[in-house]
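There are two complexes below, and they share subunit A, which is joined by subunit B in the first and by subunit C in the second.
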Partner chain A sequence: MTAPAHQIKRGVSLYSFQEEYFLRTMSVEDCIRVAGEVGARGIELIPEQMIPGFPAVSDEFVESWFSWMERYGTTPVATDLFLDTKLHPGRWLSQEEQVASVCRDVDIAVRLGATVVRAIINTPPEVMEESAPYAEEQGVRLLLEVHAPFHYEHPWILQHLEVMHRTGSPALGLMPDMGTYVERFPRVVSERALRDGAKPELVDLVVSTYDDHGDTHALMDVVNYRGGGPVDFGLARQATHYIWSEPKAMLEHMPLIGHIQAKFYEMTEDEVEYSIPYDRIVPVLVEGGFDGYLSSEYEGNRHIQDVHPVDSVEQVRRQHAMFARLLGETTGEDA
Partner chain B sequence: MGPLDDQVVRADSLTATPDGLDIAVYSHWYRALPLPSLARVDLTVDGERIEPSSLSVTVNGQRHPFAALAEKGDEYWFTTDPVVLHVPVETAPGREHRVRLLLGLSIPYILTGPDRVPLVAPSLTDKTLTAAGA
Partner chain C sequence: MFDKYIVCEEGFRTLDDGRTGGVVEVRMPYYRGLALSMVEAVDLVVDGRPVPAARTTFTVHGNTYRFDQLPRTTDDRWEMGERAQLAFETDEPLAAGEHDVAVAVRLRISYMPVPGGGRDAKRLTLAAQEI
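The block that comes next holds the complex of A and B.
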């Protein structure tokens, strides 16, 4: 086995197992065990999803958490924060409350031993700036998720980049979501629309416009002109929420990139992602010297759950087999 | 997550109590939500529309009038825990009821449109179930 020419590590966001967790067929411990079994070493958690009693985190949970890490050979890497700006009906959270929410979630990350916190895309730049000193003091990086339909030239992201560059805070950075590299329309989504009664010719229109990287913004109007119903319209709207952009755009921002949310919708039997060209993404990360975690984020469940049982474990296994291949791991097996 | 409608009200969700019918309701969203997110509860039992103002709700072991949930932004409804709707209809153990519930969860971090209105994620249940004894 040759030493890899990179420091990229594999991880799993337990969000990937949301279906099984929701159906109570997998516990948090099961999720961590499975991640370890597919060779992932880093664990990412949504506290609101899997910590009973959130926002309180009991000593009992923390004790179990670290015992699971030890048992399954994994390590806590990241937690995902949300900013519930409409927490209270009728009013917006003040900036002070938003910062307090971020700091609370930094504290949760610290209790769980994670050094990365995903800042959700709606976190304002000024909240990031004001929270950064606390995060730095706690040894945590707040990484803004760059989530579709946003990209590095979008004004919202540019405002964040301005804060990151002006302050130079080591606690601030980026967490690209690979849903920004959807090169072809996920077929699990278009097939679901057909099952839900979408018109085949309108589904073709949406899919072919997307796949040709045409102008998706007028699709909703055109679908209306063509007599589309709510399902057709929903699919057209979905097409504006996926984006394809050149993965090499990450190179310029690589010093800020601390973690990757490896979004995926469908890993085929051949262990490739149907929509997202990881074979062109991973080399960019290697070239840029990325040394964090590629953290699985399976999100296909919601598109197939109407026709057959979801097997998130197999989907994550396939993604990790692909990562192992693309990262040059030579064991030939998953782990 | 897309609605897993058949899990929101489950086969064992109904309980007959001396005060009426208790319905255990599970969330269909993938993360815990603050209690004001339980924004829309359009409930019909045996064809009779139940006014939300007549409901009380037990969450995390505490019973609240439905309207009071809007003030409980600091408390969360956990992913895998049910809330219990206390419904003032006459029932008894072993009795069947047709329960139709349109549950609308207001998602406090996904805001839509120029008025920044939270997304309401709906889930529809229509089931005939048997009430267990308390």
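The block that comes next holds the complex of A and C.
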């Protein structure tokens, strides 16, 4: 099997190792080393997650950061910003303060050598617009994450697209999260609900409604009518928060797409994602001429940590084996 | 998401400043650090009895705060996975042996319409008294 020529690169968001980092069984350096070992070349970091003392970033950290990149053959690609509009109790951050927060995080990206900044989904379009000139000046692209349950026809995204197209700013763009392509309900989530005491018949209802791509709007209500409790409601809510849409919808927006958050919940032993059809996503990216990073974002830990130790390293390794296969880096079955 | 890790199994001890009470180490159930102004509550229940927030203090990396100071504290953070010390006063000295400790953390997460956080409960053994 040979994939068509493409310029897609593989990366890892260190978010993927949140379980191990939280428990201090892996350091930031360990995360970067592992990324390098699975063949990823691009590193994405959440500064607020792994830089103690944020928003201060010490010279010592920066020095270590670049030395790790060199040692493990990796390169900084992206940082993820948050926008704490509710920083103060009782009042919202003003637009000026929001823009200042974004610009502060652009500065951090620059210090870390990243040229892409993930703007979190709650970043208002007007804040993106006002921050764009500064980002452009700093040589950084501010990419709005398109995260479930949002999609390209949603009014919130349309408002952002309006800003991007009207201003034509080269600093603005999109960062699709592949959690918008959940074709079937992640079983790690439904199995966890069962362990937490969900009613099997209600779990079946939620999962089958989702998998049939049925109407999930009133699922929480129906689960309530059928005698569900908090765990059942939680599962039903999840079903309204995942979405499936046609990956080809990205094609129209490809000029704006600068980075992909390759969300995943479970890589099976066969090196496929249980709920997200990467074998139909990657060809769309190739077709659209995407030339950025497919950046792993493992998020299954929270659903399995109650029953067995989380092995994020193995999960990321499997996802990269899949990417290598889908990107034609390996010769596949004919090797 | 990290609820089961909120209450640390290690480090449960009595206060060492002459007051009656104890210290339990707690972690934030979230995947990044947060400014303390967004930590709305760290509610503690010891052996079934709620401890009023006014009788607790909160220490991150050596900095100690009363809970009524947290809303204004935007320049210090509870880092991801960091073990904070939740110190609490009790009327009676804590007896040696096991105690039921329950902690509920409430966080103000800007992109979420509902409060974030989580809860955890563990039976902890009081560390041997230091002399």
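Details
What we mean here is this: the second predicted complex is superposed on the first by the 326 of 335 C-alpha atoms of A that agree within 3 Å, B and C clash if a C-alpha of one lies under 4 Å from a C-alpha of the other, contacts with A are read in each partner's own complex, and residues count from 1 in each chain.
The rule is simple: contacts are C-beta pairs under 8 Å (C-beta built on N, C-alpha and C of every residue); 3 or more make two chains touch, one makes a residue touch a chain.
Nothing here was measured: the structure is a model prediction, and the numbers come from that model.
Clashing of subunit B with subunit C is the outcome of superposition onto subunit A. Shared-chain residue A:Phe54: touches subunit B and subunit C both. Contact with neither subunit B nor subunit C is seen for A:Thr240 once the two complexes are overlaid on the shared chain. By the touch criterion defined above, A:Arg302 reaches both subunit B and subunit C. Once chain A of one complex is fitted onto chain A of the other, the partner contacts of A:Arg24 extend to both subunit B and subunit C.
By the touch criterion defined above, A:Phe82 reaches both subunit B and subunit C.
In the superposition on chain A, A:Thr167 makes contact with neither subunit B nor subunit C. Once chain A of one complex is fitted onto chain A of the other, the partner contacts of A:Ile120 extend to both subunit B and subunit C. The intersection of subunit A residues touching subunit B with those touching subunit C, taken from the two complexes, comprises 15, 18, 21-24, 46, 48-50, 52-54, 82-89, 120, 122, 302, 305. Partner subunit A is touched in their complex by these residues of subunit C: 1-2, 4-5, 27, 31-35, 37-38, 40, 61, 71, 74, 77, 79-82, 108-111.
Considering their complex, residues 15, 18, 21-24, 46, 48-50, 52-54, 82-89, 120-122, 302, 305-306 of subunit A touch subunit C. Residues 15, 18-19, 21-24, 46, 48-50, 52-55, 82-89, 92, 120, 122, 301-303, 305 of subunit A are the ones touching subunit B in the complex. Contact residues of subunit B toward subunit A in the complex are 1-2, 4, 7, 30-34, 36, 39, 70, 73, 76, 78-81, 106, 108-109, 111, 116, 118.
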